[in-house]
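Input: one structure, supplied below.
Chain lettering (A, B, C and D) follows the sequence in which the chains are written, and residue indices restart at 1 in each chain.
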């Protein structure tokens, strides 16, 4: 190389969706800086939704114009089939979550004001709101997009932080039960930072082992480098800690219930759908691309983690009394089911089917969970959402439609046929059995039988027990209504005619991850 | 001489012999479905169908006589009942036709009698419906050409008997007796059913013709097993030991029922079954056949003993029924030599026992349903016809010379003597006891002082009730002689059940015959001393151990209770407990267990950031450790 | 000779990790996390040296920036909760549990 | 290509939507009745076109549903499925008529009750008509939901406990079956879930055993076979009479049907291997169920336990591997549906009048309500397999068939005949006989509607008691076909022992 510096080549076209989102986020910040307070939200709402929609359109357009076969941006980002599919999913879910965010009454008037202080009173009376929510959400979504697409560990680390930091803040912005909200923020932040430190150290060690943070290079070096297994094993394990933390796999699940319970429900929805999808994308990329050659050594470990996760999620959920907390545990359990798919690894074609199964499951679960949280926001007491399960008693009589829809989501979680959840589970189990992981599947079905209990319990409450005199009221703002409808539609369609989405997932997974 | 072959035939009246069953069935259906609307003419319709069926029976009989004796076994195919298992058809032969005539004949008379007897009962129509139902089922039992059909009729009569015993449902005693009768019969049916299974498995057919024609030659053991199983069925239906206990309770039913079902016809079904299957499963001297004779003799003695101690007129008669059927069983057990006598006695018994039961009914009718003979006495003056007819029945049953019972019972004793002296003498002894208890019954009822209740105003029954009595008593006088003399009946029956090579000759002054007469006379005399001359106490004296033994039905019920009921109830309670606590407890326990685990496990989620961090830290350590372990495998 | 640096970085990382577990004050806990990140940095630089390429050193800069961003967010959150509770002890925040 | 079966499934579904939409309750009821009668007519018309000795499956339809999993919407019936579909089609209108006022008790949506009823009917027809194993599973599971809501929303005091127990129990079994279904698919590796493609595709006996268990446990819970039975008494006792009829009369038959159709045909070797076990469980169930029934104090629970005893007979018939037993068992499924249906409904009428399920609260009803008592007796007698009533034929066939192959079991099972007499007649005596209890003195006899409910049932019971031929002609070939493979295996193993 003769002294001349080559400018890095960036395929802006490929990265367009991400760039759009980030761009919109930055504009949002500028709006916060310069636009007058009364204008802000009316600028933010369209801006956010449009940017997400636009990004989605671009994603589709890209998928149609041929899936690239080699990484972009000097190998930093891999915009491949799975990535595009995940992008699409995340963007839609984010769009839907933003619809939830749009509806009033979720976010604190003034985060800095001490709860119950005169200051807060004033903020409330002024009707002040934190419009920063929108740019923050956009940054988080941007991070979510980059996370599963990142093709080297550094990019992945950055993405991880870009995704998480805004979420830390958003968690603390609940309008009601602010103490809980702040607590959630603190916990999420400390633990998140803690785990990302592990991720980073793992990166460092793998860098030491392979001499590069590029996933493909690491994967290539697995066989080549000798005598450094210590670095490899510790590094891989710590990397795993960081990723498993994000998807809330046992024993790193502890944060999830607290954070989901404390956060503003729309944000919970965003985390439960978007973050999970993104994290799984990243997990798969790391373990299949970088550590694929090590599969013989991590599959057993993943078995353990998967079993532990499913069981913990299912068992702990049974005795929950807070609806959001219960859904959090249920999401842990679902994380476990998804992990079954991660270990259903084998030959090329087997991997493809496993991957497509996972992608389908993620879509199905994402929609259902957003829908469920959307319903949660609508059932309200004097003190905000009616969080305690007992308050839901007899909802089926007072508001049949809402109750029915929620029951439907619960049945989808439980994996009853003719709901999306069923085909999701089915696909993953099928892949696992093909890969010879039948025992894992048995554990899976047993724990989903256990899990069924607490879904059913809620249905019993809503339909079979009589409503309390001062039962909660049900308020359905427009956005939420749309979200509920959309989620229901998705759950039905994926449950009855899953084929189109399956095909989509299949084509996306066909070529696996680019290296 | 072996039974003749069965040949299909469906011409003439025989072709429509299904009418025999259809007519009473139709009657029953109309009366049951018609409900209150048919109350007015219900009883008449009931009688009509029974009589019509009798007429058909006679016509069939006449047509049958037209055939050459060797061809008097005609199968009338009806329809494919259970494809692959059995067709349904009728078998018209001397045996079945004799039963048909008995059932429809005596049946019709009892129907007529019931018009008067049940006159004041609001549910008379239902009563006649049930009677018709019974007649239909009984006819199916004796006419079916296969064991399944027989079984259908078998349980059908069981149902009818259940309904009729419990006809006065509001009386708990009646309801209980009905249930008991059905259940005890079911125990017998259990044997019969398994017997039929074995037959089907052994011969791959359940029709009489099929079994006879079958090439299969099952082992002797199998045949014996079948025989014993059928015998168990017979014991249930015919109230033979050890399944006798239900018959005495069955007297809770209206008296015509006791006469028709529990004296004349249904209870003799066992004898029919044994005779019908005799050639195949009870060959002379086989284990099964011996078992039959033993059961028979045991029952005839037991029944007689019970009869001696009962003060309830119907129960006394029931005891005697048991005993008489015991005779028939005994005869049937000794093979072709005995079949004719068994059936002949069955027929004559049908007449005189029905006669006496109806007589007893007439008495009860007069004494406002009082059944305790100690409260009767001296009734012969107030109800002469009843007395006269009853007297005929009485003489017939004790075997007074030249009356029916004399010929048939004597025939049985003679032929049994030929077969085995021991059994023979026991039979003779039985006859003696019969002489005693029947005389006791007559003396207590019709002779001696009036011991009536204050409000009793006995009177003779109306003609509709007395005429049947008269007809029956006529039968009780002459039928025996007609059937036995010149072996008329044996020859007639031969095609159906076979007969011994040389026909027995009737000699009136045989040792056994004279001994019987002597014993009977002694018994009667003893009864006269105790109950005729002497004053009969209105309240029964405590009596010796033997008396109590007899009064308590030889502790049959006590035994059942100790052996089956108590343990049964105990077992039931145990099972229920086990089901709730054991199996269901396990299920709910599992659920509770999971719940409890959850309750305890969630405590791990302490809410302290640092403990969460710890879990992550430890988790990481474990992950690293695990990776090393796996990596270095 | 790079092993020493690695050992040092490992020590720093563990110290940081243990610090997170044992210290109550949210600020201090957070500083421990920062310490862990810096341990990573040291490791990166060391490995960069060992592997003879600059990637590691560049990464170190990235990490610093990210760390800085984290500080901003972290302090904001901690300060808010301090204002409401008048305490920065992480053990006081445990309404959410079980 | 016919559309018979898809029509039979489609009509009730659309009907359900319609009923749910109708505002007026009476209209909704009438609509439900109309729809169910229409289904009945269609079913009968279809049934008469069925040719007993034609192809195994007739009226077949096949549409690709989820190609990437090889799932088809495949329908078709053989003799076995046909008679069971007939059973459902006959029972539903009767149940509709019977539960005319059922739902009103709880102040709950009447329209929803009837809508659920129709959905359930669609599911029941579907589950029997499915010729695609996966489709069968889907109906098998989906069937639970309407029943779950019928029990839970319209049932008795303990309804939610019963409903949850019912759902979880069945769900658990279903999930085990799901594993087996998946494994079957990937082992067979035919890329299709069609039953006909899967038959004989699993050769290895060891594998067969595992898959067999997966299916069998699900069916055993459904049937229910001892010791998986404890959910039934709760569910049946708490469910409204109508729902109870469909639950015990039809839903549970899916279990025994599944054994006959899937366990025997897909895994003949395993079936042969497990036969002794199943027979033991069946016989225990027969005796145990009867004994526990004797000890019950609650009418509906008692009937439920009698059903457990009867299901013992059915499973024994299925696994006795003889044509008589198999056909008997199939016929038994139908007859049991009618006789137990009648029992539940009439008991329901009685309970509705007096407001108590406890036997001890009754007595002497026969005097005040003779028709009710009479019909109850007939149904009961059919329950104890009295000759001349439908159950006798099937029970007799099962026993005689089992006796051919497994005499000892058959003999023990026959003792159930005696026990049956005890539990039925004792219940009848305690409720209907004896002096009339104060509490029932002024209850009314069956009214017109109720007579119309009972009459057809009684008629069918008696008719089939004397002329089972029409059904048996349809059933026999199908059964012969489905047990043929196991018989084959049996002969082979016998031959091997011979050498």
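Brief remarks follow.
Rule of thumb we're sticking to: contacts are C-beta pairs under 8 Å (C-beta built on N, C-alpha and C of every residue); 3 or more make two chains touch, one makes a residue touch a chain.
Here the structure is a predicted model, which is why all the values come from computation and not from measurement.
Comparing each chain's Cα centroid with the centroid of every protein Cα atom identifies chain D as the most central.
Here B-D and B-C are compared, and the pair linked by more C-beta contacts is B-D.
Comparing the CA-atom centres of all chains against that of chain A, the greatest distance is found for B. Centre-to-centre separation between chain B and chain D, using Cα means, comes to 37 Å.
The distance from the centre of chain C to the centre of chain D, with each centre set as the mean of the Cα atoms, comes to 65 Å. Averaged Cα coordinates give chain B a centre that lies 97 Å from the centre of chain C.
Centre-to-centre separation between chain A and chain C, using Cα means, comes to 25 Å. In chain C, the residues touching two or more other chains are 17, 20, 29, 90, 93-97. Among the residues of chain D, those touching two or more other chains are numbered 168.
Within chain A, residues 186-187, 190, 194, 257-258, 453 each touch two or more of the remaining chains. Here, these are the chain pairs in contact: A-B, A-C, A-D, B-C, B-D.
Those residues of chain C whose C-beta lies close enough to touch chain B in the complex are 17, 20-22, 24, 29, 90-91, 93-98.
Residue ranges of chain C in contact with chain A, taken from their complex: 6, 9, 13, 16-17, 20, 26, 29-30, 33, 36-37, 39-40, 43-44, 46-47, 50-51, 53, 55-56, 59, 62-63, 66, 69-70, 73-74, 76-78, 80-81, 83-85, 90, 93-97. Within the complex formed with chain D, the chain B residues making contact are 32, 35, 79-85, 148, 151-156, 159, 162, 166, 169-170, 172, 175-176, 179, 182-183, 186-187, 189-190, 193-194, 196-198, 200-201, 571-573, 575-576, 579, 583-584, 587, 591.
Looking at the complex, you find that chain B touches chain C at residues 602-603, 605-610, 613-614, 617. Within the complex, the chain A residues that touch chain B are 186-187, 190-191, 194-195, 198, 229, 233-234, 236-238, 240-241, 245, 251-252, 254-255, 257-258, 297-298, 300-301, 304, 312, 315-320, 450, 453.
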